[in-house]
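Each of the next two complexes has chain A plus one more chain, namely chain B in the first and chain C in the second.
On to the complex of A and B.
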């Protein structure tokens, strides 16, 4: 077969079973400098990076400076895909993804502590005929479990080089990097065609025939035609899903071949699997020495407790509780610092330039607006940190195991739990995590309800509204009412998601309950560097949003809330002001009057200076007039008109037109609500002492003089935010994930109906019950 | 009846047996086999989840979780 062309950048595909430590190997190969992107059309994460060269890589090879690209394929159990993840791996290995070049080397990561099942996939990949290298990982776990694997013997049995590794401790990595660099750049010859399953003679004959046809149809081949023929004959789905690729003539040949096999009593679906496992078990037997076959591993011992009937459930509840409590407690301090920093910056900027529109734009629109969102970064970092810890330690799989029964009640399964839990951080990684769910209907149901889990963007909204509306008192002596309210909102989201999942599975997405095949991998000690990197990667997305989308929306909102200006309103208040001033300083006029007023203002900035009550009353009047003027200006602005236009729709929910502006503003991103409120209420106040947004909101009154932000209003508004899909990014991801506009539009609509309906029930029901 | 096969889920937690037959639906069967559950394979029923479902089994040295209803279609006999 052909040699790798010199000159092109070598492209190395890294593949292996889920939980084989493939990601750790990838990180060690690329030095955590991977580029994360997506494959066109699907949201399967495409991770690639350049092979690094470290000082420890002693044997200096002349190819040291040649770039080598490593592509991390999604974890895969077999070349007969069951999920989108596995399908992407298969398609890349068969060089069917146009954007990805055919690999010049395939590196298979094997979990040494789980050799047989890992070899099942590895032998399938070796049969494809690429230059192949095996990275035998988790040698330490294998040893701890009581068995030794001989890498040389394994290499002989497989016919490809084998490098033993303990990837999470870096053992063997220099050797692996050297081998990859050498094999990828030297133009290694393809391995000889080999097969790891001895098939009955009739099957062999059919493979010959299909293989010959494949070679004729596609003469330019990257992969062994025999291996492809075997998959075509034994995997029922591969043909029906790729008819366009293979064409009708091939389909006919394969179907006829299967009929002949059935006539010859050959089970074409299972015979290859059985033959391969027989061979793999023999290889395992030959290369493994059992030192202590009955040793109980650490994971086995741990699982006695972690998945125990009572202890396991208790630990699960404790971890969830710790996670959410921790997020709110630990994040408090850095949040205060960020708040103080933003206020300081706004004051500095405001006082260093003349008052006017630019000043207002910078302080109200940019600094306070973006600051109001960035302040939640600590909470979001912590949430992502916890989720990364749960994922990398292996606990997520246990959580899915524990939760499967509950999830199955609503027609989903344990694997949906992971996307749901991730959606507490953000629906986007949550929706992307659904790609491991095999059944399309289940996957869709999970995608549809995932945004109902309260994501981190709701957190700013809840925190603000709870701070403003819910009194800080204790119920039953120990539980803080504010904390309980927060918990209720999260629970409401969970209950809503479960109810909707049940409804969808019972109606739109009716189908057989799917099979659950969930691996419970050994526990791993998470590597801090990797965990922090995970946390940072995801948090960076949030910061990027704050710097781009949210900044953009804020500037737009500032514009909408500032223009058009009304000279009449300004003039009216200017004359009111003069009239009031003239009563206190009857002798002064023009510039002298301005100076007297400025002096008065300066005097009041220092509380120890006592002045007469007439002057104090005047300043009080000015303050009141300023507020009233701002209110009228806002009402006159574009945003105000939009809010007023919306008011009839949201009045039944108890919301006024200013909240309407907040809702309009946050239809693209929920957290914008906070910065919108900050912009709406702080406009024009930048020359006064900055007032806390919470205090400002607490002072808001309805037209009849009653407090606007009552507990009932706060809860109603939060209920609205629990259910409404106010996130353009989610809509975009769902569109990409489902490959149509139908589902994201449906999702957006059903969530809006739910949000309005339940907010209506909350507010009107609360009023009937006499709540405030 | 000695040697007769029984559903995997009838095993007591912690006991081992050999797979005798896979009576799962044809569309699920290949993946179950690819995960290493074949006729003749030794499986251990490790435990049931707190609410009795799913079950955790050990096969070819690793741990796998299956729904009780699916695991009940895997028939085993004493080794």
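On to the complex of A and C.
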């Protein structure tokens, strides 16, 4: 979508309670072509899109071609925000976000099956005084529950137009689009000032006074001063969090007013909420007819089992098991195809151009490096698909509810579960999902431990190392040792995250025991189009990374591993080669010698040709020399020097300098380890470009001749990867999310200490047990 | 969707009932020491058995939490129905289902309506 200049087109804010079907309405308004970005300073998703025009919409509208931008505000329960999400909604509606113009129309999405609670927020928004339109959604669910709502009467009671909808079936959408277009482009008059709170007289007097001061301070107003005054008086946090915005004089007036109210025995904290609830209850009763109030919905029946202490837990474990099993099983096939495709491409490129640096860069650096990462795309897509399914069906909230008991043991609450589950896919959406957690301390604790969950970027590392180091045998007859190792790594991350969360909550982030209030939305059948869209949006990030960051790092690493070249090593190798050749062909020299050697190579390409053993030995020696030469070149290169520099630090963990190169690369992104190993070892064995990476690793020896990649080394390396924060993007997101460098640096450091310490314990402990 | 006829009661603003109940309302401390809650007394939501409809009487959670509870429908004199009472609590507030942790349920003081559905 093209960039649209703010202010030049009408902006429509779409708002409503969570689970009111707001996203469905948004998708139907914008035709799934939303632009997703972030608000400056916070990672709250900013979703906006252009209002579409469909054939079913009103015949000819003069405003048909006028662009209208719909902005989807985060779901909100009230204008007194409890989370960052809600704060963004509030700030936009109060026109406090500089980058977003004041809305020319506000569309409130109401869940008809839960009218009373939804009206609470709706009346708050209507009081702000914007031109307002109500989209009365989920009429079908309400009807199924035995509620018949009269839209005309609701419109009269609220004083704004009401459009009834069944958004997920598209019912009422053409009418809604037409109304939005007309109201937004024709400059509908502001809604008349009105209030839905009948307050005690002393409260009314105070509102009058504060409102007058607000009007004086900010004469250019977008919102009703009375509504703002009511919020200022009844919500403690508004003032304390926005002192800069409001100024000291206003603060003083409000505090004094509250004192007077207390003296008059008016509960300023709750009186407005109760008055509003009384009013919306009356409206609800007036506009709704109950046909059959006793019907038990499907969600009621399902929840009796799904949220049951034992059955629910069993279902939860089964779903998690199926999810991870399914991911590995289904992804296996496309991964094989991608692997084969990458090998084929590397072979083609390598054979179609002369050997040299460019050839090496393209095959080792670009194709095999990026291919080693792209091969994990199927697993990542599936993981995101499952998460989208869980979210869209309504199960995710149940899972969070079930996990609350477990999470509260470590001082977090159920809402922290969703970020942690998302972190299995990627810590970035996980950290972004923490924005629904109300308590800042709980939120920070969740952010700090979320990257300990094994994300999809670790998957390539685990898969490679398990394939290389862990024998494919069965234990207890049925469990594959390789699969068990993979499971253990995931469990290790979970246990680590829980332990650290407990530690943080007990020390650094000590606070009130968290309290869970979580809405359990009705179950619904997921819409395939939406689910696939979700999956694609998130997987695209991974592909983008492979094409940009990882490609860049690979080229850089290839460069570091290739340069500087050492003429001495080449010269030494050349002379060694000549000496060896002279012993087999003593009579030949110069060009004749070269020809003889080329013939020899060609002869060995055809196994049926019988040659003498001296010639075979010569070729064997050449191969060994080549390997040695490449090894020495790598050691001489920048990357080799970095690895060698790091070696003393990682030697206690059993890692050599080549693994050190991999670890350095991984601090940009973990999956780079695989491509680095591919680059490092392929450069070391240039005559075997297409050799499988796993086989190459298996052949690696330590200097004393013992196998390098033993099971113990593999496990130690994986333990390191479980705990180390090797992801530049995560660090950047945490920095943005916590608004300081303090927390990301702290997080990076504590995870590194943990990684090194536990890897050390693993390796040395394993050696003591005689596993090496 | 709700227990017999409670939807209707849930929607009443409660002003008529309020006066009546205020007359018989026992002191809030009546239930603090009791293991179970006899009818007609105020006790924490966490002590009420599943299937009971109760009326919210008082919130003793911190102000911020209480504010949110009220905004989610736990206003004084609102009728809610307890759907499940296990490790945590699920209750039906009008037509929304809310999951609440046990600690929080202990701070919501309610009066059972004396009708057990489950």
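Annotations for the structure displayed:
Operating definition for what follows: the second predicted complex is superposed on the first by the 716 of 772 C-alpha atoms of A that agree within 3 Å, B and C clash if a C-alpha of one lies under 4 Å from a C-alpha of the other, contacts with A are read in each partner's own complex, and residues count from 1 in each chain.
One rule holds in what follows: a residue touches a chain if its C-beta (ideal position, glycine included) is under 8 Å from a C-beta of that chain, and two chains touch if they have at least 3 such contacts.
What you see is a predicted model, and the numbers here were worked out from it, not measured in a lab.
When both complexes are superposed on chain A, chain B and chain C end up clashing with one another. Shared-chain residue A:146: touches chain C; no touch with chain B.
Of the two partner chains placed by the overlay, neither chain B nor chain C lies in contact with A:259.
With both structures placed on the common chain, the touch criterion links A:269 to chain B and to chain C. Looking at the superposition, the partner that touches the larger set of chain A residues, chain B or chain C, turns out to be C. When the two structures are aligned on the shared chain, A:414 is found in touch with chain B and with chain C. Within the superposed three-chain model, A:285 lies in touch with chain C and out of touch with chain B [touch as defined at top].
Touched by chain B in one complex and by chain C in the other are residues 77-78, 80, 82, 113-117, 120, 145, 235-236, 269-270, 273-274, 277, 299, 303, 307-309, 397, 400-401, 404-405, 408, 413-414, 513, 515-521 of chain A.
Contacts from chain A toward chain C in the complex involve residues 77-78, 80, 82, 113-117, 120, 145-147, 235-237, 269-270, 273-274, 277-278, 281-282, 284-285, 288, 290, 293-297, 299-300, 303-304, 307-309, 397, 400-401, 404-405, 408, 413-414, 438, 512-521. On the side of chain C, the complex with chain A involves touching residues 1-2, 4-5, 7-8, 10-15, 61-73, 75-76, 78, 83-84, 86-88, 90, 93-101, 103-104. On the chain B side of its complex with chain A, the touching residues are 24, 26-36, 38-39, 46-47, 49-54, 56, 60-67, 69-70.
Those residues of chain A lying in contact with chain B across their complex are 77-78, 80, 82, 113-117, 120, 145, 234-236, 269-270, 273-274, 277, 299, 303, 307-310, 312-313, 397, 400-402, 404-406, 408, 413-414, 513, 515-521.
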